[in-house]
Amino acid sequence: MIPLEYFLILGAILFAIGAYGVATKSNAIIVLMCIELMLNAANINFVAFGAYHPDIMGQVFVIMTITVAAAEVAVGIAILLNAYKMRKTTELDEDGLTSMRW
Amino acid sequence: MFIEYTWLVPLIPMLCFLIVGLLGRKTPEKGGYIAIAGALLSFIISALIAYEYLTGDAYPEPVTSQIAWFAIGDFEINLGYYVDGLTCMMMLFSSFISTLIFIYSIGYMHAEGARKTRYYAEVSLFLTGMLGLIVSSNFLEMFIFWEVMGLCSYLLIGFWSFRHNDGDAASANAASAAKKAFLVTRMGDVCLMAGLFILLGEFHSLDYTELFDPANIANADSTMITLGMLLVFGGVIGKSAQFPLHDWLPDAMAGPTTVSSLIHAATMVKAGVYLVARGYPLFIQDPEVMLFVGIIGGVTAFFAATMALNNYNIKKVLAFSTVSQLGYMILALGAGGYLVALGMDMGGAEGTALIAAGTAGFTAGCFHMMNHAFFKALLFMCSGSVIHSVGTEDMRLMGGLGKHMKITSITMLLGSLSIAGFPLFSGFWSKDLVLDIALEAGDQTIWFTVLWLLAVITAFMTAFYMFRMWFMTFMGEEGANTQHCHGESPKTMTAPLVILSVFAVLSGFLIMFGLDGMVSFEVTDTAFIVGGGHAGGMVHYFEHLFTNPYTYLTIVLALLGIGIAYLMYAKKTVDPGRFNKHGESGLYKVLANRWYFPEFYNWVSWKFGYGVAKGVNYVDRQVIDGTVNGLSAAVVGGGDTISKMQTGNVHDYTAVILLGVSVLAALFVVIAMILGGM
Amino acid sequence: MSIESLILPLLIVIPLIGAVATLFMGGEKQKYAKWVAGVFSGITLIVTLYMMYAGFEDWTVFTVGYDWIDTSSVHIGFDLMVDGLSVLMIFLTALLTLLVVVFSSAESDRANYFHTLLMAMEVGLMGVFMAADYFLFYVMWEVTLIPMYFLISWYGGPRRHYAAIKFFIYTHVASLVMLIGIFAMGWECMAVTGTMDFGFDTMAEIMPATSQAFQVAVFALLFFGFMVKMPSVPFHTWLPDAHVEAPTAGSVILAGVMLKMGSYGIIRICLECFPEGAAYWQWVIIAIGLISMVYGAYACIAQTDLKKMVAFSSISHMGMVMVGIGCLSDIGITFAIFQMFAHGLISAMLFMVCGFTGHAVGTREMPLLGGLAGRMPIYATFMMIAFMASLGLPGLVGFWGEFPLVYGFYEFIKAEGVMWLLVFCLLTLMLTAGYYIWAMQKTLFGPETKKIDLEHVHDISKPEFVALAVLAVLVALFGVWPDAALSFIDPYVDFLVGVL
Amino acid sequence: MFVEEIFGDYAAFAPIIIMLISALILPAVHFAGKRHTVTWAVALVFAVVSMAVNAYMLVDGFTGTTLGVYEYDAYTGVMLLLFQIVLFLAILVSNASTETTRLHVGAYYALLTGATTGMMFVAGSSDLLTIFVGVELTSISSYALVTMKRNDSRAAEAGVKYVIVGGLSTALTIYGISMIYGLTGTTDIAAIAASTAIDGMNWILAIGLVCMVAGYGFKIAAVPFHMWAPDVYEGASSPVSLFLATGSKKMGLSVFFQIFLVLFVAGSSLSAICGEEVQYLFAIIAAFTMTVGNVVAIAQNNIKRMLAYSSIAQAGYILIVMAVMTDYALASGMFHMFTHVFMKGGAFLIVGALICAGLGEKISDYKGLAKRSPFLAAAMLLFLFSLAGIPPLAGFTSKFFLFSSALGGVDGLTSQWVWLAFIAILNSAISLYYYARVVKAMYIEKGESTEKIKIPAVFTVAIVICVVFVIVLGVYPQLIFDYCETAAAALLL
């Protein structure tokens, strides 16, 4: 059996990659995708834990998470489209969507 | 019968004050007559009281009665009156002289118009203070009237502190003189207050009857009494213008001359002397205190006289003379008290003898106080008459006035002779008694011999400066302002002069007709008794003084002083400039600058008053308020700074969140480690 | 329901009605606002006087209490009471509010709001002095802040915004610290009785029995709150600013009554509830008092603005109150209370006079003034009475706040063997005389000033005269008859000394 | 009881069912009628009905469980009431507001109602899973709501920021939950609390807890997860800002209560392991949250941003509950949430009303407001002073309870959190400064215009409701505080 730690490390790596992306990427779509990565990192944890504890809850949680993620991305993309319509940009950088500050 | 109504004595002037103050504008002479009536009524009642008391059965036991006023903790404070020989004497001459001066004011203040209301109201209030002080039955009550007088003195010195007829400079001068008078005496008052704290702490009462009970005194802590009485004497120094707080009195001459005459010569400044006399039973508990009192008195007498020598302001000469004479009184009380105190310490027959000798000092001091009241009031009123007539106070601008103002010149001559100690004039008797007691105390300690010497020199100086003044004013060629002289003053002014001059000449003889018994001081095992002593009688005093060789010394010195003054200022055969390098000598300058006391006062008040205040204000604005403002600026600035972290860039938000998570996780673990959970 | 139990609520409700009534008197009607305010504050004063007369023997008849917030863990009551300590303060509040309305009758800028604020302030002040529940006490305490904030920032001088906000936040911080103390008391009460009962009577029973550490800590918290209000050095700097900028009415109430809230709180709460704490902090109290006295007096000397000088003199005088309280003795506390009362009357006069100076002459800067006595004799007379009373001239009320109080202090330091401390008191008395006399010389006397135009300067108007005259009479009356006030104070202090 | 009669076994679910129905039919209603006023009225009616049902259940003391996942007790009832009040206020003014969308009216109300449904769902949950789902329902609805604003590109930007930060926080939450799940093998909160599977502090537990704190901390805008809040509140329309600041934030707090209070309540096995550590963690977060919120608010010129920071600070105050962890604290925290709804909600309502009337969002635009609209100025004054904690307004009373809880332990006085109380009161004083700035602008400074301001009538109604409650809760806190106490007891049992 594969040790639990491996799954956890994989999850952690995925989580870290996602977090890095969220914090650095200037394209909003990529940021949304990075968030998906992070969610999936959690999913891996759940599945792994669910398997090691003989418990169904982990998998249920994963299903829920996937659903939520889908909804979030759907809304997120819609919002981005809206922003693009309004601002003609989806860049998150200085010259992009940073009009509200201080 | 009358004595139960002693409280009326101060109350009547009080009512006059209220009536004049509120309604005076509408009455004839703007309230002047009301004030006079009040003073006269007080005098009459005083006379009746005195007569009843002195002839009554109780005499010489003090008659006192009081009502509960309020309580300080467990200590009852009372309001009441206290009548004994000293009270009677003070009451009589105060109200009498006041009446005369009020009458004089009708003439003197004639031109003041609407302001007269204020004048009469304030002098009435002053009279309340003086008479209240005299009849008070406890120290606190006395202190209240003491301060009321201080207030009136302040107000009246500053009577012309705005819209002075002589212009702005004179207004400013009056305002600053008033301020100085109040503050300098306040310094003494604060000491007096501290003294009262100590007495209250020791005796748990401030009633004279309690405080003067030997049994109570024996129970109290003698060191505290010493300290207390020294502090009380601080009040005397302020009020009676003793060295080193004497300097306000010459400045106080900025007020109307009537005020100088009444308050700053005849009555208020006597309050200090009165306080020493009143507090005699406590003062004599410690010889050192009395020695201190004597030294202050003697030094004051000498110093003040020196300053009078070369002053050209007629009123200031008189002011210095007043200070000097007050010094005499204090010296007498101090010297006498010193002997009494020593005697009480010593005990036995020798002690009794010392006590008997010492009590003469009490009598001498009180006696001189009364005589001085008459002749100094007279002198001031005469000077007022002169000023009224020539419109200046500078003696160099006078001269030759004798022809124009006969009554004034003669009455003033009588007054001058009296104060100079010309034989048989009132000042002669009392001054020689003072010198006598000082010399006697000199047997016990060298201090009093020195003081006696100073006093004798002072007697010479007194004669000199008084006649310098008289000659400069009334004799010699006519000065610049003599030409503008209006002639003799009106009747309302000259009549009081004449009456007072009679008293100034003759009041000395009162001591031969029982006054010495009335203001005697006796020490028994169970009580200290004022009044009721053995009256020496005429023969005793003639014998006593004229068999004393030192009496002749003073007479010679006085005549010498008069003679020199005559040569210098009347005949002008001797040029005073020869002795002072025409005003260039060091001593002359020192005297002209009043021994630099005003400068010293200024220096002290600037350094320790305004200087510290500036510092405090700096600390307040910069340090304390600066901290407060700095803190608030820091918060506002911090807000600005932190808000700049809100860059609007969502990357920064996410970065901060991720950083926050890491930091919190670490923090969490650290806390766990600290708390020992890990 | 007896008439007695109505009195105290009435004292809050009447001014409240006045406040609401004037609030809605905008526009044309605002010139009648002063009459409304005058009538309502007048009625309040009458009710107060009746209460003083009727309750002299037994104050407890007036005590009323209603449950206000009563949950499983908290009990808060709408409790009102009055006793010898508070009755004088209530009297001051009622009196000064009326006089201020009279004095300020010329106010025409948004007159209705002006009077609303005054009446609202009266509500708060009455509440503070009558509250018998800590929650209510604190509520009322804070309620007084808002009208004062608006009074300063609407009707004040040129730097009014700064002064108002400084006053507001400064005193708010202090009261919040006090609030923490109240919380601590509440929880201690919880530990003993199982509920947080914020009633004065409950607390007064429980608190003296608590541990010394607790008393020391909570005393400090409460004391800080009160001290800032008094105010004591070094937490006083809000006061001069507030006074300088406040309109006359605001200054009068601020100095006359609001500062007393601090000392009232110290006596009512700190001393009654924490005798051990008081004993622990005694020297600190005295030190703060002495420093305030001397510091305030010195600061006065350096001021050029009349009002600022008087403000600092308030600090000095309240320092004296603090010293009196610090003695923890019968005499000290009795006359500290008396001094509070006396200072209330005197400072009201002082600020009226100084405020009038600014109004009439156009400046309060002493270097610009001079010789006003000639042009404005009545004003000068009142100023002199006020100054003399404040510097402690015997025969006026100020003296009885000073002499016996310092004597009480003397007794204390004599017992402790540090008599030299008396020097500070004496120095203060000296300095007090100094700055007042100096100020009078600068403003009233001397040559008439040429630096400002005195052409159109008038003496005081009739309403102003009435307000000042009433105060002057009271200053003199209580000066010659201090027992009139002392007879209220004495029984209370007897009780308090029993607690200590 | 009629609720049980109608809803049967689903009685505990009754208010939610009504809300769900509303959320589902609203787009249809709008599609059918094309009249936004009708849609608005329907939404409002459903909100009121739901609120009435809930109020009835609460007063009646109803308790019950539906489907084993949703438990209705006093706590749930009180929180539901809170959310419903928020919803009611938000819907009430949405139609009249000129900021809200006119294109997707049906969707707008459906989202509002749906978000509220999510909150209500959370309030009755006792499982991390259901809580997670409820929170996400609210979050995703809010992302959309923020962008639904007329003619303002700031809304679009706000939406982007919100969705990204929200997504990140979702990820953090779920990651944290996974850790906890991994350690204990369950997602039921009570079971986790009682779980004996954890034998001491370890990194996994720490990361799990901190990630959950961070994830839900985003909802309540706790420092350092607060940075989205000012931007979003500024960008969103005023009714939505109101909804987020008073509703969504309260849900976050409710989640904190339901998860962490229950996990670490005295006696649970978790509390033995790291109870005190968590308390300190929350105390530090609370201190930072209130301080940063207040201090930065001083620097704001836009009133919406200022109110946003003030909301952050208020959340910081309520976090005191999490540090102290007593039921008295919980009760007072809940009470403060209620008063906060009215005072902060009222303030946002006034801002919204003034935007409708053509006023700007800058504080300087408020100059002379007292002259132009005495009513609005007075109401704003009340709300701001209430927020600052000036008696006798609601904000003071609730702060009185809340701050006092910091000094109380389970059995009387404790000095552990006195420092927190001090920080809280200092912040309270700082807050006075920026509230007073607005007051000064309204009352003391002179504005350029003196024209009278007219606002839509419903705004007036809504503001009056808030004013009434701000005063009533100030002088008669028991109206709600009693329920809060019961609720706190119900949650912490």
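Chains: A, B, C and D, in written order; residue numbering restarts at 1 for each.
Here is the rule we go by: a residue touches a chain if its C-beta (ideal position, glycine included) is under 8 Å from a C-beta of that chain, and two chains touch if they have at least 3 such contacts.
Just so you know, these numbers come straight off a predicted model, no measurement behind them.
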In contact with subunit B and subunit C alike are the chains D
Per CA centroids, the chain at the heart of the structure shown is C
Chain-centre distance (mean CA atoms) for subunit B and subunit D, in whole Å, is 78
Rounded to the nearest Å, the gap between Cα centres of subunit A and subunit B is 96
Here the gap between subunit C and subunit D, centre to centre from mean Cα coordinates and rounded to Å, is 42
Distance between the CA centroids of subunit A and subunit D (whole Å) is 26
Expected list for subunit B, residues touching two or more other chains, is 632, 643, 646, 648, 650, 654, 658
So subunit A residues touching two or more other chains come to 19, 22, 31, 92, 97-102
Multi-partner residues in subunit C (2 or more other chains touched) are 169
Chains touch one another in the pairs A-B, A-D, B-C, B-D, C-D
Subunit B contacts subunit A in the complex at 643-644, 646-651, 654-655, 658
Interface with subunit C, subunit D side, in the complex: residues 328, 331, 385, 390-392, 396, 400-401, 403-404, 406-409, 411-414, 418, 421-422, 425-426, 428-429, 432-433, 436, 440, 443-444, 476-478, 481-482, 485
Subunit D contacts subunit B in the complex at 160-161, 164-165, 168-169, 172, 200-203, 206-207, 209-211, 213-214, 218, 223-225, 227-228, 230-231, 273-274, 276-278, 280-281, 284-285, 292, 295-300, 430, 433
Per the touch rule, the subunit B residues reaching subunit D in their complex are 632, 635-636, 638-640, 642-643, 646, 648, 650, 652-654, 656-661, 663-665, 667-669, 671-672, 675, 677-678
Subunit D contacts subunit A in the complex at 129, 132-133, 136, 139-140, 143-144, 147, 153-161, 163-164, 166-168, 170-172, 174-175, 177-179, 181-182, 185-187, 230-231, 234-235, 299-300
